[in-house]
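Please find the structures below.
Two complexes, one shared chain (chain A), two partners (chain B, chain C).
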Partner chain A sequence: MRARRRAETRTVVTGVIGADCHIVGNRILQMALEEAGFKVVPLGIMVSQEEFVKAAVETDAAAILVSSLYGQGELDCQGLRDKFEEAGLGRIHLVVGGNLVVGKQEWDEVERRFLAMGFNRAYPPGVDLRRVIDELRRDLGGPARDG
Partner chain B sequence: MGDRDLWLFIDFGSTFTKVVAVDPATETIRARVQAPTTVATDITEGLGAALRALEREVGTGATYARKLACSSAAGGLRMVTVGLVPELTSEAARLAALGAGAKVVGTFSYKLPASDLARIKDLGPDLILLAGGTDGGNEEVILHNARGLAELDLAAPLIVAGNRVVADEAAAILRAGGKEPVVADNVMPEFGRLSVEPVRERIREIFISHIVKAKGLQAAERFVEGIVMPTPNAVLNAAVLLADGCPGEPGLGELVVLDVGGATTDVHSVARGAPTDAGVVVKGLQEPYAKRTVEGDLGVRYNLWNVVEAMGGAPHAFRAIAERFARDVATTPQTAEEAAVDAALATVAVGQAMRRHAGSVEVFYSAQGPISVVRGKDLRGVSVILGTGGPLVFSPRREAILRQACYDPAEQASLRPVDPRLYIDSAYTMFAFGLLGELDAKLAVRMLKRYCRPMDEGTGHGR
Partner chain C sequence: MAADVRQSRWQWDEFLRMRKEVLARWPTGQEVDLDEAVAYQQGVPRHRNFALTVLRAKSEGITLAQPRGGFATVEEQIALLRCLQDQGGADLLPLTTDSYTRNERFAEAEKGLAESVSAGRSLLNGLPLVNHGVKAVRRVTEAVEKPTMVLSGTSRPCLTAEVGLAGGATGFLGGGISYTLSYTKELPIAEGIRNYQYLDRLCAHYWEQGVPIHREQPGFLTGTLIPPGLGVAIAVIEARLGAGQGLPHYSVGLGQALCLAQDVAALGALERVCREYLGRFGFGATTLTIASHQWMANFPQDEAQAAGVIALGAVIAGTAGVTQVITKSAHEALGIPSPEVNAAGVRLTQQVLRMLEQWRLPLDPEVETEEAMVAAEARAILDRTLDLGDGDWALGAIRAVEAGVIDVPWSPSRFNAGKALPGRDRFGAVRYLAPGEIPLPPEVREYHRSKLADRSGGEASGMMSERLLADLTAVSRPVSGNFGPDGWRDFQGYAELLRRRAS
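So, the complex of A and B:
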């Protein structure tokens, strides 16, 4: 069963967390991921933590890419890792990116806080999506599609 | 009178066996009769009584060229559905079973523990639907549940309609346990996308091949050509025919059917239900075009106290009549007071059932301004509401009852039809047209349009 799954496309879930309605960047991310060979489950805007977890359970997703643009990302993301733990997916790969906090804050400090929250990767505004995808491939241990 | 062939349509209902004789040449209903269903002894006794009543109506010389039946006798098609996440594949499986006319007696999610398996055994379903995982998604849970169900001491057939990557493996596990599984397409092949038609087809095939016999109804097949579907499926078929029409015979367009009964209130919507407002956010599962919901707690006889409770109580005189109805569930209203109580119960049942069936909108105020989030079907644009079921069809207040299914400006969150034309299944024969559709869809659409009458046009049967 393992071997069969490895031969298939990797599934990742995308979505904009909380009460955030900024869809454009998230759609671009979706297109870039699909272009790179990932199977994307796009949850769109205003996605709750529970929706991310439920989608990951049904689709057996390898990674979750959380977007946040409106500055409330830190509040919205707290406890997400714990929710995956509860659902038996504690080891899922969590990525967050966007305009994660309000005001001018040092990125290193912001990144540290999100990693401490349980995210595997955090990206600042304006990050090059090629870098995100390269690192995602590496973190998941290989290309989106084997072979 | 017996100068030409009639077609017979029979519904072996839980209480009554109903027989409708259709004259296909004149496209009219020749007779509609009923007799108590006799499933405990021999189903053909009640059928015989109904046929004798029919003979009195149409004369002795009539011949019956076609005879099709549906059934909800002996508890109906009792199904258990199993999925993974309650709001996702579990809900998809439940909607698929309801759409096939089943009575869903239990819905289960995640890995089934021993206690759930014991509960399924106690429920003793006629059929089990096993789903879980999108295609290429979770494999572990459906396989785990197949192993659990394989060991269960239960003869019910199973349908596997989950992650297609492991569907055959799940079926093999069940087969090794001596079960009879059938594999169907996944009820949720992609996240959030429903695919209920393939499962509905499998359910119907198993209903014909297994369930009719298992319920001791096959004796009736000496007379009828076949008991071809559960009764609610026949009603949903009729609703789809009336809405969509067929090539060469247009339908009425998107519609909602309210079916008020003694034990349940069913709602069928044949409508896309896409949001009518621009710029709203749609959340939750995409619902089927032909959607059926069953409110098992909203009946005007068996469950009448739930309805009274939803009314917020009732005066003494009302309660006295309600008690009589509850005691003798076959009671039909004889006095004006009884009719008023009956209508009040139906009014509340219709309002509640429609509120649960229709989608909802919630407005959130975000930093970017107000955002409307829609869940479920937006039925505000639906232009036809059709009422059926004895308590509705025979009530002098049926129009007021059916109005409860409409949009209420005081309750804008509930996305019910805003300005529909109200129709009534005037001869109470929808099931028959659903069965007729199997033989001649065009004729079924024409007769539905003839016998489902707008209430603002009186109730002539089109003769």
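So, the complex of A and C:
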């Protein structure tokens, strides 16, 4: 089960933001991150911006992976980058993914909106988790190897 | 105070005490005058009454199609409902609330509503009906000719129900165990049960004043590969708790797994076991109707493939002969559908139902075996629950969750054991990869084990996340044709086939 585990010591925080309770994809993401060797701090469903920041401060996380499936992510994610800046973590790596807006909208436009909001990466529904993990590794500066 | 939740019927003054606090949660609560609301509802014509429509369909053997849907403003909601009614041919209409309302975060709903108005598009995923208030909800329910039901995936339905019912809605979906385990993280089960006892007591009051209100529990739970016996058990307990507050009619449902044989069997077992237990515990006179929810998990992104999922959902509902089928749309994978796409999902479902009307499948013996297994699993969970509660279903449910006897896969609740793990067998039926503490009878355990043993492909190989993902996305993966250039070496060739046919 852990055959492809690589040396990876960094901590990342996962959670479903706002009033959203769609946990399944988020759990799979957690599992895939753990299998890739990350230490995951899973905050579960209905996570407030403050809870994301608090978890990042407490665990010295390298990245925050925000999930949203219910369409209201656009409201919930506004100002998240500012909250991290206020906490002195302005440069933390922020990733968001899921059904981020209400209704069928052009992904390019949705992505632009979330990048403008301060996210480093935004992913559409049904994205391949291997891509998410590969890009996370690359963005964080390659896998940290312990010898 | 929630710790002493029991199955007994609430005294009216007990209800009124809590009601005072409920109505104070948002200013529009003060608009709800129960006597005036009952008088208003007495004037709502029968064809706009949800309970009567469902009961008529049950007596005539008809399956009703019911979409979900909600937008931020009253105008958008009216346009949506008219579209579903006129273009979709919907029999029953939804007032789906937004997720802030579901969590009683009315201040955030207010902000989302304001931003939706200024943006000219809905930023909320449903109708914030509490924020709109009684008069506005009446404008919505009066704008259509079909009955409306409040759909609010919540453990805190009290104020939403007060405003919704006073606003002319005649149905409310939800259950204290199912929604608390599926939609909350921190709320104790006892609180969820208590909140739904309040709602059921309120609806029973309407009934007593001559206004039928349709109560229904949502059997889909987390919507993700729920073993049907578990869904049936929870539905039975919620029906019993509703009847205990004085409801003469209740509807129970299950989410579809898209395994035709198992889904049809499960819906049969649902009605059978529910009737059995209501009768056994003194509620034999309660009318019971069955709802089937089209696929609640990962949908294909492609609209044609999504239409296939919806069509199979209609086949399942029509074959099982349920009274309600709750429909999905081809935009399910992409988020909240437009009214037109939502209506197309209803129309697609109605078309399939119509074609199935004169044509019922003879039951395969496999379906009978499956139904017996689902029923046996449900009864075992129910009997253990009643034992744990010393004869009280409310207390039993609370203790059964604590003990992992009721253990909903993928539940986000920290009170849920989370030990039971489901997967599909090679025929697509949902089985327990691990039952945790769920008390499966030996024959059911063996049945699941043998079905899983048939599963092609090794279980040990690969990463767990990829294996689970394969089961969870079995329906949503892009389709591709069969037979590329590979794999022909083992095929005997058509000359061989012809020889075999000749001999």
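Just so we're on the same page, the second predicted complex is superposed on the first by the 135 of 147 C-alpha atoms of A that agree within 3 Å, B and C clash if a C-alpha of one lies under 4 Å from a C-alpha of the other, contacts with A are read in each partner's own complex, and residues count from 1 in each chain.
Heads up, the rule we're going with is that contacts are C-beta pairs under 8 Å (C-beta built on N, C-alpha and C of every residue); 3 or more make two chains touch, one makes a residue touch a chain.
All of these numbers come straight from a predicted model, not from anything done at the bench.
When both complexes are overlaid on chain A, chain B and chain C end up clashing with each other. In the overlay built on the shared chain, the residue A:Val101 is in contact with chain C alone; chain B does not reach it.
Of the two partner chains placed around the shared chain by superposition, chain B and chain C are both touched by A:Tyr70.
Using the contact criterion defined above for the overlaid structures, shared-chain residue A:Gly126 touches chain C, although it does not reach chain B. Judged by the touch definition given at the top, the superposed model places A:Gly79 against neither chain B nor chain C.
Of the two partner chains placed by superposition, only chain C is touched by A:Ala32; chain B is not. A simple residue count on chain A separates chain B from chain C, and the partner touching more is C. Shared-chain residue A:Val24: touches chain C; no touch with chain B. In the superposed model, A:Val41 makes contact with chain B only, not with chain C. Overlaying the two complexes on chain A leaves one chain B stretch of 91-99, 361-369 or 451-459 clashing with chain C, which is 361-369.
Under the contact criterion defined above, the residues of chain A that touch both chain B in one complex and chain C in the other are 1, 4, 19-21, 44-46, 70-72. Against chain A, in their complex, chain B makes its touches with residues 84-85, 87-89, 132-134, 136-139, 165-166, 188, 191, 281, 283, 364, 366-368, 371, 373. Listing the residues of chain A that touch chain C in their complex gives 1, 3-4, 18-21, 23-24, 27-28, 31-32, 35, 44-46, 70-72, 74-75, 99, 101-104, 125-126, 129. Those residues of chain A that touch chain B in the complex are listed here as 1, 4-5, 8-9, 11, 19-21, 39, 41, 44-46, 54-55, 57-60, 70-72.
Across the interface of their complex, chain A is touched by residues 98-100, 102-103, 105, 108, 111-112, 115, 121-125, 153, 182-185, 222, 224, 297-298, 301, 331, 333-338, 341, 410-412, 414, 463-466, 468-469, 472, 476 of chain C.
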